[in-house]
Each structure stands twice: as structure tokens, then as C-alpha cells.
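Each of the next two complexes has chain A plus one other chain: chain B in the first, chain C in the second.
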Partner chain A sequence: MIYFLNEKNLPDYINNLLKKYRVYGTKRIGNDVIFDYLDNGNEFYDGRSILSPKNMIIPSWKNLNEHDNEKETIIFGIRSCDLLGFQIMESVLKLDIEYNMKRSLMHFANFICSEPCIYGFCTTFGGPKLNDSGAQFLRYRDGYIVEIRDNVFQSNLMTNASEEMVKYLEGYNEHFSELMAPLNTEDIEKKMSWNDDLWNELAKKCISCGACNYSCPTCFCFDINEGENERIMEWDSCIMEGFTRMAGGANSRPDLSSRLRQRFMHKLSYHYLTYGIHLCSGCGRCYETCPVKIDIRDVIRRYNP
Partner chain B sequence: METDFKRIYNFIPSKREDINYGTLCIKGWKGLRYVKHNSRLKRPLIKDEKGNFKEADWDTAVYTAISSLMEILGKYGPDSLAFQASAKCTNEENYLMQKLARQVFHTNNVDHCARSCHASTIEGLITSFGSGAMTTSIRDIDNAELYFVIGSNTTEQHPVIGSRIINNRMKGKTLIVADPRKIKLAEMADIYLRHYPGTDLALLNSMAYVIIDKKLYDREFIEKRTENFEEFSRIIENYDPDVASRITGVEPEYIERAAVLYATKKSITFYAMGITQHTQGTENVQAIANLALLTGNVGRSGTGVAPLRGHNNVQGSSDMGALCDFLPGYRRVYDENGRKIFEEAWNCELPAKPGLSLTEMFEYALEGKIKAMYIMGENPVLSEPESEKIIKSLENLEFLAVQDIFMTETAEYADVIFPSQSFAEKLGTFTNTERRIQLIKPFLNPPGEAKSDWEIIQMIANSAGYSWNYNDASQIMDEISRLVPQYSSVNYKCLEMTGGLQWPVRECHGTEILHAERFTRGSGRFNPSEWKKPIEFWDQEYPFILTTGRVYYQFHTGVMTRKVYLLEREAPEPYVEINPEDAKNMGIKNNENIRIETRHGELCVKARITDMVPRGILFMPFHYIESPANAVTNSNLDPRAKIPELKVTGARIGRCQ
Partner chain C sequence: MNTLNSMETVIIDVWDETPDIKSFLVNDVIGVLPNPGQFYELRIFGRGEIPISYGNYYDGKLLFSIKNVGYVTSYFHRLRSGDKVGIRGPYGNGWEIHDGRTVLIGGGIGLPPLSSYIERMIKMNRKDIHLLYGARTPGDIVYKEKLKKWKDLFRVDVTVDRGDETWDGNVGVVTTIFNRIEWKDARFYIIGPEVMMKFAVKELLKMGIDEGKIYLSMERKMKCGYGICGHCNIGRFYVCRDGPVFRYDLIKDIPESFH
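Coming up: the complex of A and B.
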């Protein structure tokens, strides 16, 4: 169903959600937008967070010997690209019991961007209006058009949407594509070249900080290490030399250029060949957080100018 | 850092444009987990007669420490005590540490690890410009046209600044790199000068020669704002590129081209340990300042001299006077007027004789002249040269107190260990490499009974009969802002509102670029010097030069980073880099254990064959206790800055059994 929520009612709407659930939403600290647990509806800030809330389902660091009592949580204010990231990861993680358990306790309310960001290219993978979401909010005049599929988001603070609003929402991706031209990914999985000099060029710049992995809403690789009374699972990065180092020191990807190639080919080729979906939601965070500004869009453009 | 005071959830890069513009290096993403490591010290420890550490309560531990310190003070006098502050602690804590040494124990024997990294910067830049700090700002890097990087592996040691240089290079700006090792920046440089270790001064002097010879200097700037140009040009005359080429091994043509580019563009010079850790460290720094003065590349946007500081607060701890020869605010201890300010403020008499520098403290302890040491957050066993000597001198002490967040190689020798709080658990300020004073706030609960370093110092001072009563760190900052001119009018409210201020601060406004209208010391001074051969150089007996440095994944002595799994996975073991041809001639295979022998010691370490290093040069990171590079380095000191020459040690290679 499609509704309309007046901006004035948004804090109360969130307060109502807070009565029954934990709400993990976007907040503003200085000029930075981050995810945090909200104490009341006024703390919410409608903005694109620096990192996706991937951490909620795949923790950046977790002691596997400790078990948390997971609670039902609402992720409020996630951008469409980040939510799409979870849906993409499911192609692999649907077999993971822990992931499924956590995922089933999460309700997502995504906010559709009202204008294109400078880093993203989400129109390449569909656009900011998603086909499947608990609730999605689209800015419209003095409020939001809200499409609800998950009943926890129902509220009597909303009114039914007018026909004009429904039309605006339906046609939003097309409209957005005019503002943010989609990149051409046709056959890119076949066109990408293993021996391309591009990988050496990128390796010259890359300082292997791992930011592209840590900020990516679709990267799910982890490593497990053991300490005293603990068994730690933490985010890993395929840009690191130790990622593929085997016992005895042999390494199938010994140099940075081969690791960068792996990252981009996994994103744009291998995953598509296996699962029929690109391992990228077009959020552009890898470019945004990259200290030396390696741009995944340039990689796509190289093969499909 | 995202926490709920009990656990860390994630790390998020702030998008502040003036510092890191939304980026972090691997140590930012992964490295800070050490604060929650199981092995954090939780209760004070006292060593019993058998040499085992026993947990104790705070009162007992403080009593043990103060009674030993007072006994030694009474028996041998103030100069038998030595104190070490730390560049990892806050400004407030460093300020109190030197106050403890000077007010309570009447000695100038207080120093910290800035001695072995940027003491020559302080000495060199104060004598040239008047302020021993980066003249420009991180944000201002983008405004320059040329980057001259000498003796700094910027992408590995200061990745956020390094990546700014990379981005600007990609935009087509000019990059000149001078380094014996072919570092990442060298691969993308317009001009790469591969000079021999310890010949920086000859190289820099020769660049000045070219600039004067080709009349590319800024005549107006020199006339209006500098002094001593005549003497400078007289000494520089001896360094034409052909002569310098024979010393440095760099083609004369390259020196010329680099000098011409430097003089004709808006240039920033970046340097770090490769310049400072030499017996001529001060002269090296002055030579860099000379170049800037000669071409007017200082005091305006897009120009400057940028010493890159390694620890989070090495700038601040120096500002706070945690140095044996400077009082807070860089007033020299022998300057009567400077002393008077503090004598009045602290109501005591201050010694006028400069104290012992870090390296000297250990020498004196070895000779038995220093009887007790108080070390805060430092690990000299790994970070100082000739570690065997350091261990012997620690064993030689009658009393050693250490306050740290972890059990370190140094703390093993302590009689009392105080557990302290990490940056995440306390309130305070840090001053970063661009002089920016930033407020830190607690967002984790401290482990066990750990106290912040300033609280511990206050307990010691008060049990010695003083009545310091700082309730929190902000009151210490109020005192600092009254006494240290650079920090005048700094208070926490101001810092919180602005998100950090660059000193000198005037009424809640920072200074982005130093020396804009006039130099801090009045006029900029040319300080020319002749190049001298390093004390140890290539010779028959020791045909290699060993130089030390760091790796991207580790920090300093690894006390923190080696406890982080992912960082340790990436750089788990020590190695020595050797050129392929040298390896071939000596029949060394990759990863083979080889013996490095110097005049000061020997060790076995894995060889890594790489053309990163030129022939005749060996490189070793110093983070690792397994093969501590500093076991074999020399402790020859720069006579003025007292910094050890860690970058040039004569070495030879032997076989390991």
C-alpha cells in the first residue's frame, strides 16, 4: 500500500515505532551522518550515512564464543543502495544460519534519495526505488510518499496517497535516470580482461587501506582468529596480502595489482557469472572512502565506454 | 568509533575536510581494537623479592613508588632521577609529567620519544623560523604546485597525507622524491633522487647552489625577511652539483632539475625520520629551511616546510616542554626570564642546567649516575638504539616505575607498574602534526582500576607533599593556556565548538599558516653548514650501511598494533631488505636467515631480496622484539639535538647457525 506522511509527523511516527522496537537510524554529529540507536524521533536526520549499516548483520568484529540476545530492530533511514546491498549479499549468505536469524529480526525502512549523490551510480543497477522493501520513503512536497510492505510500519499518522503520488513513485527510477545517467554494464563480465594494464596503474596508487571493502555494502568476506578464550570473526579485506596467504607462505595473489583485479572482477564479473547478479549496488562508497580516489565507475567505463 | 561504553562496534571515518576528508588507513580501520585487548593492565603491580609481579591496590603502589623516589632523592640528589613523558599521552599529562619532574623533584631530567624522532626539527626550525612545527596545514597541501618529499615514506607512515600527495600528483602536479629506498612515491615521482644515506645535507646544499647559481632565488623575500644570506651563499659555493654528485651518488643533472623546479613553483617540503635521525639532523632540518627561505617558499598558502610527526601527540608533548632543554612553550631552561614565569606559577625554584636527553639517561643509568626512572607510556627497550645497553641500564636502576596500558618489554624491568587509560577512556587534548589541538572524550569504560595518566601523576605529586588539585583535565588546560603562549586562550569549550584549533591560538581562532607576516623569531635566519661524513659509513670492515624504518601495518614498538590480529597477519615478522645483486654475490636466498653484524651487536633475521634498496644498503623495520633492529644500531648523537643516528650504521653480513 502507498501512503503519505507529513514531515511534521515524522518524529511522532518514529516515537511510535520506538514504543515497540529498537530503532537504529541515521543521526547527525557535526557534519557527519552516522547510524546509531535513536532515543527519540527528533534525533533522526534524513541523510546518507558515511557507512552502510552492514555492521548490524555482519559485525565488523565479533567473539563467536559470546552470544547476544538479538532483538527485533528497525533500521530506519537506510539508503536504497545499502538495502540493495543486503539483498545482493543474500545470494551467498542465504545459506548462513546466523545471517538469516539476524536478518529475520530486522525491518528496513529505506529512504529514496531526492537528488543524485556525487559518488553513486545506483541507476546502473535499477535505481533508488526498490522492488522489495519493508517501507520506502520518498520525499514529496511537505512530507514523504511511503510504500509499505511490512506491517510493522503501518501507522494511523499516514494518509492514503493520491493518484499523483502513486504515479510519481512508480515513475521515479525513470526520472532519476535522467539526473544520473546509468553506466553500461552490458557483457562486462565477459569483457573484463585479466591481463589489462589497468590493474598495474591502480596498484601504483592504492595504499591498501581496505576502505573499499570495509565501506562496501556488498563485501562479506571475514577471517577467523583465535585468542585466549575467544574466537574472533572480523571483516577481512581482499586488498591485503594476508587474505590469500597459505601455510608455508605461498600466495596466489602476491602483488597488489592481482588483488585489485580480484576485487573488481569479483564485483563485476565472477559473481554475475555464478549468481546472475553483480556484486555491487552502485553506492559509490568505495570511491568516497578511497584515500587515492580509485573509481569503480572508471573501471566499468573502460570496458563499456 | 562506535561504542556503547562496553564494546566497540565499528569505526567510521569522519568526513572533515580539513584533516582526513572521510578516509582512514588500515590502522584507522582495524588498529584501534587494541584498547579492548584482554591483556590490558587492570590493577597496579608491584614486583616482590623473587621478581614476580603481584597485584596491589593503588595506595600501596603509590606509597611504594613515592617512598623509593624520595629515598633516592634524599640520598643522591635530584639529578639521580629521570622522567620520561610520552608522545602518546595527552598534552595535559605531558604537562604534568614535566611539572612533576621540575617542581616536585627539581630536575630537568625529563624527556620523551620526540628526542629520537623530531628533536632536530625543534632545534633546527626554532633557529631558522622560531617555531619547531609544520609551517602549513594539511588542507593547504592541495594549494601547492610541487611536493618535495625527502626522508619520509609518506604513503606508509602518514597514509592520509601521502594519499593527498598521490591525488595531487595524479592531477598533474610535480613530485620530487629523495630517498635511498625506492618507496611508493618514488615510482610516481617526476624526479627521483636516490642519494646515499647520511648525505642529505650535501644534496640540499647543492640544490641551494643551483638556485643561487641560476639566480632563481626570491631576492625581495631574502632582503625583507631574512638574515645571514651572505654567509650562507659563501658556504654553499662549495657544493656545485658535480661535487655533490660524488658525495651523494645522484647525477648532477638530476640535482639541477630538482632545484630549478623547486625554486620556480609553489613548493612544500615534507620530511620525517630520514632527515632528523642523523648526527647532522639539526643541520639537515636547517638546510631544508634554508631552501624555503631562499625561494620564499614559506609563509604563504601552498608553500612551507612540513615535518611529519609520527605519534598522535608528539607535537603537543614537545609544546608542553616534556624535553630536557625546554620549558613549556619552548622556553629554554637556561633562559632566566622563561624560568621566572614558571617559578612564579609553580612557586618553586627551577634548575637552569639542561637535563639529560633520552639517550643520555640510559648512558648515565649504566654508569650508575641515574638511580631511578619513571617512564610513562614508552618502550625504550625497543625504540632506543643499542637495546642491550638499555636493558643493562634498566637493570642497573635502584627503582623503576612504569605506567602503561600494556605489559611492555620495558615494564618487565619495573618495580612498580601503574595501569593507565587509553585515549578512548579519558578526557584530554592531542596536538597533531599540523599543530591542531583536538579534544578527545571518553567513550569506553576503562579496564579494571586503570586511571588516566594525569591522575596517577597527581597522586604521586600529592603523596610527595604537594597539593595539586586538578579535578579534571580541563583545569590543567586552563593552567597551560595561562603559561604557554601558543596555547593562550585555549579552553575545552572553544575546542569543542570549533572541532580543533591550530596554534598559536588567539581568542578561539587558530592559525593555518605560520610565519605569514613575520617569522616567529623576527626574521628568518639562514643557517648554513658543511656536510660531514656520518661517523659510521661504508668501510673495509663493514661494507654495508644499515638503515632502519617502519612498515605500514605496525606502529612504533608494536605494543598496540601487534595485538591486532589483522595488522599482525599482514606484517608478522622482522626482515632485512637486501639488493638482489648483493644477495647474488653473497649467495643469499630469499627468506634465508642471515646475520647482521655491526659494531654494536648482531642478530639473525630473514633476508628479503628486493630492489627497493640500492646496492650496499640494508633496511630493517624496528618494530619487532624477535629481531630488534635497535640491538644493532648506533647511538652516536647529534651534538645539538641529542638525537641518535639511527639511519646510518655500518654493517656486515654473516651466516646464521
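Coming up: the complex of A and C.
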């Protein structure tokens, strides 16, 4: 169902959710927008967070020896690119018992961007309005058009959407694509070449910092390391040399060019060949955070100019 | 069991196979009959986890043979019977039990994963297997007792890279005894160091063996064991989940499958 929520009512709307659930939402600290648990609805800030909230399922650092009490949680304010990231990662993570438990306790309130960001290219992967979320909020005049698929988001603070609003929501992706032209990814999974000199060229620039992996809403790779009393699950990076190094020292990707090739081919080819979906949501954070400005859009354009 | 949480089990017995390989017999606390060639994640609490194929499963006990090559394995070599370890699994696909003949080709510590297949075949009263096994030196041969027993049941050929005064068998890498292979229509199950598998495949193809009859058990860093941590990704496969056993024609075009 599609509703309208006046922005004046947004804090109370969130406060009502807080009575029953934990709300992990976007808020502002200085000029940064980050995800954190909200204490009240006024803390919420409608903006694109620095990082995706993927740490809710792949923690950046977690001691597996300590078991936390899982509670029903609402991820509030997640942008479409990050939400798509969750959906893409699910193709792999759904094999895990703990993931499924955590995921079943999560609800997503997705805020659709009202204007294109500098680095993003979400229209390439079907964004920004997705068709699968608990609730989707789209900025409209003095409030939000809200499409609800999950009953936890129902509220009597909302009124029914007008016909004009429904039309605006339905035509939104088309409108947005005019502002942000989608890149052509057709057959890129077949066109990408193992022996492309591009990988060597990129390796000359890359400083192997791993920022692209850590900022990516679809990078799910993690490592486990054990100490005396702790067993730490933490993000791992395929750009780092140790990623594939085995006991005894054998390493299938000892040079940087092979690791860059792995990153881009996993994203744009390998994952697609198994799941029919690219391992990229078009958020643009890898380019945004890259200190030497390696641009995944250039990789796509190389194969589909 | 697709979880990172391991179960606790006890080492019943430990013995030396070679100077750098030890065998461990542990209680199976999981209660799932593994497929030959599958592996488990074994854990030393406070040290770490390693993916190890099982060598045999009988009477509720699992046999693992571990070569001392790294951090966690070095701690395994300090364990004694009665010590506790963590275990989760079994993971991966393993060797398929099929109706026809099988030629098994193993190198070094690659014999234990073949042993699980052989022992299952013996249980099924099948003798249509031929084992070719290569080790660096006579002292590096694992499962010497088993090999003796197997020789009475089916054809076993053993070779060493470098012989010594006790050795009266073949000297040379495993491909030097490929002329003893009589079954060209068999399936070929190969496991060993990557360079050995590479040359074994090359030789088999030269002999006219069909690509679709060759199966390899691949090795990669496998942290989770069931396809979610991402380390063992090659091409569109995750070695732990889609392998470790791959039919050669499905991975030959992935340039990274051999490095």
C-alpha cells in the first residue's frame, strides 16, 4: 500500500517504532552521516551514510566467543544502493544458519535519494527505487510518499497517497535515469578479459589499502582469527596479499594485478555467472574512498564504451 | 552444519605417519556420515581452524592426517590423546561414488582423502580401483599399513621421487608410472600438490583420456568451509562449497585454477 507521511510526523513515527523495536538509523555527527542506534525520532537524519550498515550482518569486528541477544531491529534510512547490497549479499550468505536468524529479525525502511549523488550509478543496477523492501520513503513536497510491504511499518500517522503521488513514485526511476544515465553492463560478464592489460595498469596506481572493500555494501568476505580468549570475525580484503595465502606460503594471487582482476571480475563477472546479479549496487563508494581514484565505472565503460 | 560454531571433541589417539605428518583419531560428535573426499574444519581453541579432509570414518571415529606446514598445524603436532579440539563439517562435495572403475592418483599428503574413498569401496566389496601414489622419499609415505592391506585387494603402485637403500620400488614422479594404467575408460580421481596435478592431467590427456573423466580435488584457503567467507573463490566457484572436487573440463578455462 502507498501512503503519505508529513515530515512533521516523522519523529513521532520513529518514536512509535522505538516502543517495540531497536531502530538502527542514520544520524548526523558533525558533517558526517552515520548509522547508529537511535534513542528518539528527532535524532534521525535523512542522508546518505558514509558506510553501508552491512556491519549488521558482516561485523567489521566481532568476538564470536561472545553471544549477543539478537533483537528485532529496524534499519531506518538505508539508501537504495545499500539495501540492494544486502539483497545481493544474501545470495551467498543465505547458506549460513546465523545469517538467516539475524536476517529474519531485520526490517528495512529504505529512503530513496531525491537527487543523484556525485559518485553513484545506481540506475545501472535497477535503482534507485527497488521493488523489495519493508518500506520505501520517497521525498515529496512537505513529506514522504511511503510504500509499505511489511506490516511493522503501518501507522495511523500516515494518510492514503493521492493518485498524483502514486504516479510520481511509479515514474521515479525513469525520471531519475534522466539525471543519472545508466551504464551499459550488457554481456560484461563474458566480455571481461583475464589477460587485459588494464589489471597491470591499475596495479601501478593501487596502493593496496583495501578501502574499496571496506566501503563496499556488497563485499561480504570476512576472516576469522583466534587468540587466547577471543575468536574474532572481521572484514577481509581481496586486495591484500594475505587473502589467498595458505599454510606453507602458497598463494594463488601473489601479485597486485591478479588481486585487482579478482576484485573486478568477481564483482562484474563471476558472481553474475552463478547468481544472475552483479556484485555491485552502484553506490560509488569505492571510487569515493579510493585514495588513487580507481573508478569501477571506467572498468565497465572499457568493455561497454 | 553451516555455522562457524564448532563442536568440542576429544582426540582418542595420535601417531606419527612420517617425520612431518601425524594422524589423529577423534570422536565424531557431529553424527553425519561424510562423503569420501569431504573435509572438516578442525580447531584448536585459542589458536585457529584448518580445513582437513578425513582419511577414514568407522565406528563413530574420524581419522585425520595433518602435515606440519603452518601456524595451526604446528600446534596440532603438539597435541596428545585426551586433548580437546573443535570440529565442524563435513563440508564440500567429495568424490562421487560411481558404478565404473576408478584410477586414484595421489601425491604426498593427498593420500588420506583418497583413503576415505578406498575404505568406502572396500566396505562395498568393490575392487575396481587402481591406486597410484607418489611420495618424496620412502620416509614420506603415509598409511604404510593400509597400503599393505590394500595391495591384497586391488592394484596399488607406489613411487618415490628419491629412493634410499630400503627402497626397491619405482623411483620418479608419479607420472613415470602412468604406463601401468590399464583402464582408459575409468574415472581418474587426482589429489596432490597443484604442480603434481597439473602434470598428471597433462599426461592423462596425452594418453587420450577424456577431459570429463578427470576429477581434481583443489586446495585453497578455506576459512568458513561452506561458501560465505569468500577466500576460496575461483571464477564462478567457491572451492569449499562447489568443490573441493571438480571435473577437469569445468575448471580448465579458469586461468586461476592452477597457479
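What we mean here is this: the second predicted complex is superposed on the first by the 305 of 305 C-alpha atoms of A that agree within 3 Å, B and C clash if a C-alpha of one lies under 4 Å from a C-alpha of the other, contacts with A are read in each partner's own complex, and residues count from 1 in each chain.
Methods note: a contact is a pair of C-beta atoms (placed from the backbone, for glycine too) under 8 Å apart; a residue touches a chain by one contact, two chains touch by 3 or more.
As the structure is a computational prediction, the values presented were derived from the model and not from experiment.
Overlay on chain A: chain B and chain C fit together in the combined arrangement. By the touch criterion stated above, A:D236 is placed in contact with chain B and with chain C alike. Judged by the touch definition given at the top, the superposed model places A:F220 against chain C, while chain B stays out of reach. In the superposed three-chain arrangement, the CA centre of chain A forms the vertex of an angle with the CA centres of chain B and chain C, and that angle is 80 degrees when rounded to a multiple of 10. Using the contact criterion defined above for the overlaid structures, shared-chain residue A:A247 touches chain C, although it does not reach chain B.
In the superposition on chain A, A:G276 makes contact with neither chain B nor chain C. With both structures placed on the common chain, the touch criterion links A:D32 to chain B but leaves chain C unconnected. Touch criterion not met for A:P305: it reaches neither chain B nor chain C. Touch criterion met: A:D96 reaches chain C, while chain B stays clear of it. By the document's definition of touching, of the two partners only chain B reaches A:S60; chain C does not.
After the two structures are overlaid on chain A, the closest C-alpha atoms of chain B and chain C sit 11 Å apart. Common to the chain B-facing and chain C-facing surfaces of chain A are residues 223, 225, 227-229, 236, 245. Residues of chain C touching chain A in their complex: 1-5, 43, 45-50, 69-73, 194, 219-221, 223-224, 226-231, 233-237, 241, 255-256, 259. Contact residues of chain A toward chain C in the complex are 64, 92-93, 95-99, 194, 220-229, 233, 236, 238, 243-248, 250-253, 258, 262, 266, 270-271, 273-274. On the side of chain A, the complex with chain B involves touching residues 30-32, 34, 36, 50-51, 55, 59-61, 204-205, 207-211, 214, 223, 225, 227-230, 232, 234, 236, 240-242, 245, 249, 288-293.
The touching residues of chain B, counted against chain A in their complex, run 2, 8-16, 22-26, 28-30, 33, 38, 155-156, 159-160, 162-163, 166-167, 170, 184, 187-188, 499, 552, 565-566, 569-570, 591.
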